[in-house]
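A short worksheet on the structure shown next.
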């Protein structure tokens, strides 16, 4: 328990877009939480979200200058993350920040050091670690159900590529999309990468190649303990959002499957069929987002350890850079450390 | 749209027990709704629930005498349902009432007539009709996916029998447990019973037989249009709460399966295994309860037609009585009308 | 071990139709078995089957008069079964006979008595009891996996109705189609019927009703020990041949599912889909037919007890008659004994 | 149709071990086939298999010197394959040879050239290409169901490592175990490798590492057309033999799942569980082995094109060598051609 136990928490939300609205609603639902400020360059969006939660529209310095604010919830665009983390840390605010920490390892490292120095609680929004299926699987590994983990296979596919303009500013598929898979790899195998190999292709839309990126990747990681991980991703899976993984252990295997909207099964002349998976991440990870913000609240109020730290964000970013290098150079990349 | 469109709704909640707390929270979440009163013979429970929603503790007449109250939400014990429906209708309040309307057909009929006369909106809490899986299945039948519905098989099993004292006052398994299945039958087949046959046994606990009841039933209904329905129920399924049905049509079949807590699959030396179903009705029908209260709110505010009327509650009760008679007499019962 | 152990077996096959050819091939595959005669009113069919197995075409008396013949394999039309059983028993031949024994209880009883008197091994072709899935399930019940069996739900649907002329001579749906399900009921629950209720409808083709029959049935059996069984059948399931059952016990449930031709799963924009079940009984029970004839061979050569006796055939027929009576009279039928 | 259409086929079987007995039985079942010779250094095994099929024990030259022999069925140890292929080709016999052609690319190439020169039909025993599930999946790809194939993920795990002595002479995991997966890759993606990356570990038994081998591999292939393939293998999956793959296309995905012995589903307090997969390759690929030999028979008698040629065996071997090189050197290997 920290000194905050039992106290209320006033929070400032940075970014009133889609994910900002979700985090704001999930945080507001926690006991004793008050959303006090909403900050967004789009004043209209800020005002709408503020109104919904009885908060006020503010600017960065106004919000961080208010000593009553205990937490910054950073849901703004990626290029603002590091600045907001640094300022929030400097102001002594606890921090929740959407992934990624930053697109450069240098700034991400600076953030990790800043929150460390400031002694604030800082959590990165790798929401998959809060998903009921994934956390149940992780707990069963830790309970020894499959013995020693040996091989992880991650399937991670989006229902369609984002607009090409998004892709141009995304930092590339490894930082934008696989960042989640790199985090899952570290969490599930409880190990660090020794070598990384990545290859890929642009198969769905030539415009992605013109933007210097790819839409399909195949990544292999060998860990320091000799464990193996394969990740396959695609920007476009015609059947929808596909998020599965399986972990082979010395004593068995655990799989995490997709979540379906309903449990209807149809038997026709042609086939026996079920629903395709939940449409995209907002639907698929609805429960994870709720649980994630409850976790942040617990960390701030009760001092429970943060599951997804800025250091985790930094590690995932380093893997993304290594994978991108491997892909560009056609070589195997050895990780430091 | 009714004259209430756009207006706010003040509500009185009768019953602060488990289901009352769920309905209260789901109703409070609707736009423009205010829980004004909580009424329960257990004043402590009433006070706790009232405190949670900024409501006041009241008594029946006080609540119904307040002209600002637009809706009664009846979640009290079954033996109070009909009185509260009649009083609420007389006071011109819209009504949501947990199932069953009453344990006697006579009083249930009186309730149906009273709400009709009063012109209030009245909805019975057959929450299954609001479940995402069941409503998707129903919509697909109506879209013609399986042609003409011909045969319905309903599996409805509880994870364990309630306390014997509950059973003694439950009205018997047909009214207490199968009431839901009889409603599902009418909804899915969109037809009325012509004949009913029921048999059953007490297989799990002799105390149930001593209380004059059974714990396992097998019911067959033939409809006026010659369609067939089989219902099998058990008070005790060792593996948990089991709520499935399947509907055979002239052109195919649709099944509604159980919902699992997670999508983890485990491969061991012995078996490939998945989660057992959600533990019991509160977990299984969480989404249904939320959707149900949104539906009630829509009905009151926007005048959308009520999916589960008091007349539906009455019909289900008549089927329960016919089934009980069939079981007791060992005969086939012909339904009137 | 009988005196036949280690010896060879010469057999006569009666009926060279579809099922005769299957049984002949499966029997011929057994060690030391020689198909010596094929008998069929259709001489051409008999000749073709005989040629395939190095057998001769014969007539009934010729075949049964040959002292070297150890076994009669009766696969001819239903109306010839009892005569061939009686003659084979009189001639001291061991008997395999396709289901049903006969369409009348009287003649079936006479057959049971005749084989008893003659001391010959006699086995009825209830092939489902030899299916790998069903036998595995039965073994697991007997191993106590689900405790005491309490409730059985049988789904038994054909992909389409046979020609109307077949239906006219079939003895009705209860004797023709449900005879298998009544046998499964007795085998799986290991109990006898106390009461039977059956209802049904003609939903697929009015010609079936004109022939005095129905195409959809719902049967409920309560056993002497109070266990419950529900059977639902249909002559026409648009998605194919559907043969499932599930057995609830005091400690869990076991289900027997359909068998698919392949394990391909397809993920499209619309659905995640698998194969429909094996097309019809010849495909679905291919392994069962092979195992059945090996079982018959074991019984004859090694004296292992017969799993499906003429007495079983008689019991199934009695249930079919009781069900037909219940349906016609709209009453519950009490079984004798 | 070749000149052999309608004719009979006399065959010599080399190798009377486990797989030899399976191939012999499946070939003997074909219309007009006679097993004439069985050749094995183990005379007892040869005699037993010969007796079963009415064949004679012979030696290599005796069998190949018999002009009546139309086909060599080579099921002997790997180190004898190339010699028997060369001799059979020289003698003008059609050839079925178990995989691999040889452990060296040079000798495998010599075999490919020899059968080409001799004009004999030669088929390699990549039985997976004859499996009902895999062939159905392949046919559906070719029918365009998922559009253009883009990414293949192959899971290939054995239930346990073979004896260490076997491993020492196996040619290493890539040639011994992944040879099948490399063939599946070429067949399913209908493309050739441009680059290969392989890594691996010895995780189950240090004796394997001492023998210079690994037991777990992760291989990535990028094809000439930019398609991606990931293969993961393990010598030891505690839950049994695991043979799955999935192919993502521009318009959907197809998966090939494991085959189970039965369709029993058990619901207990703990889990809902199914059978583990068929135990090992002899059970899993029983239908494939039968279909494979029918295919060989068709090729010889009717001249139908061979699905798995010696050239295919050579290509798979080249991939295995490239993968082994990648693993040993820790680099990405570019394929020639």
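Think of it as A, B, C and D in the order they're written, each chain with its own count starting at 1.
Methods note: a residue touches a chain if its C-beta (ideal position, glycine included) is under 8 Å from a C-beta of that chain, and two chains touch if they have at least 3 such contacts.
The UniProt protein names, listed by chain, are A, B, C, D = Inositol 2-dehydrogenase.
These figures come from a predicted structure and were not determined experimentally.
J.: Have a look at C-D versus A-C and report the one with more C-beta pairs in contact.
T.: Answer by contact count: C-D.
J.: From the centre of subunit A, which chain's CA centre is farthest?
T.: That would be chain C.
J.: Could you state the distance in Å from the CA-based centre of subunit A to that of subunit C?
T.: Averaging C-alpha atoms per chain gives centres 58 Å apart.
J.: Roughly how far is subunit C from subunit D, centre to centre by C-alpha average, rounded to an integer in Å?
T.: That gives a centre separation of 40 Å.
J.: For subunit B, which residues are shared contacts with two or more other chains?
T.: Touching at least two other chains: 146, 237-239, 242, 251-253, 266-269.
J.: So that we know how the chains sit together, what is the shape of their touch graph: line, ring, star, complete or other?
T.: Basically all the chains touch each other, so complete.
J.: Provide the residue numbers of subunit C that touch subunit A in the complex, in ascending order.
T.: These residues of subunit C touch subunit A: 237-240, 242, 266-276.
J.: Which positions of subunit C touch subunit B when the two form their complex?
T.: Touch residues, subunit C against subunit B: 146-148, 150-151, 153, 155, 157, 195, 197, 199-204, 216-218, 220, 222, 226-230, 232, 234, 236-239, 242, 248-253, 330-332.
J.: If you look only at subunit A, which of its residues touch subunit B in the complex?
T.: 132-133, 136-137, 140, 145-146, 251-259, 261-269
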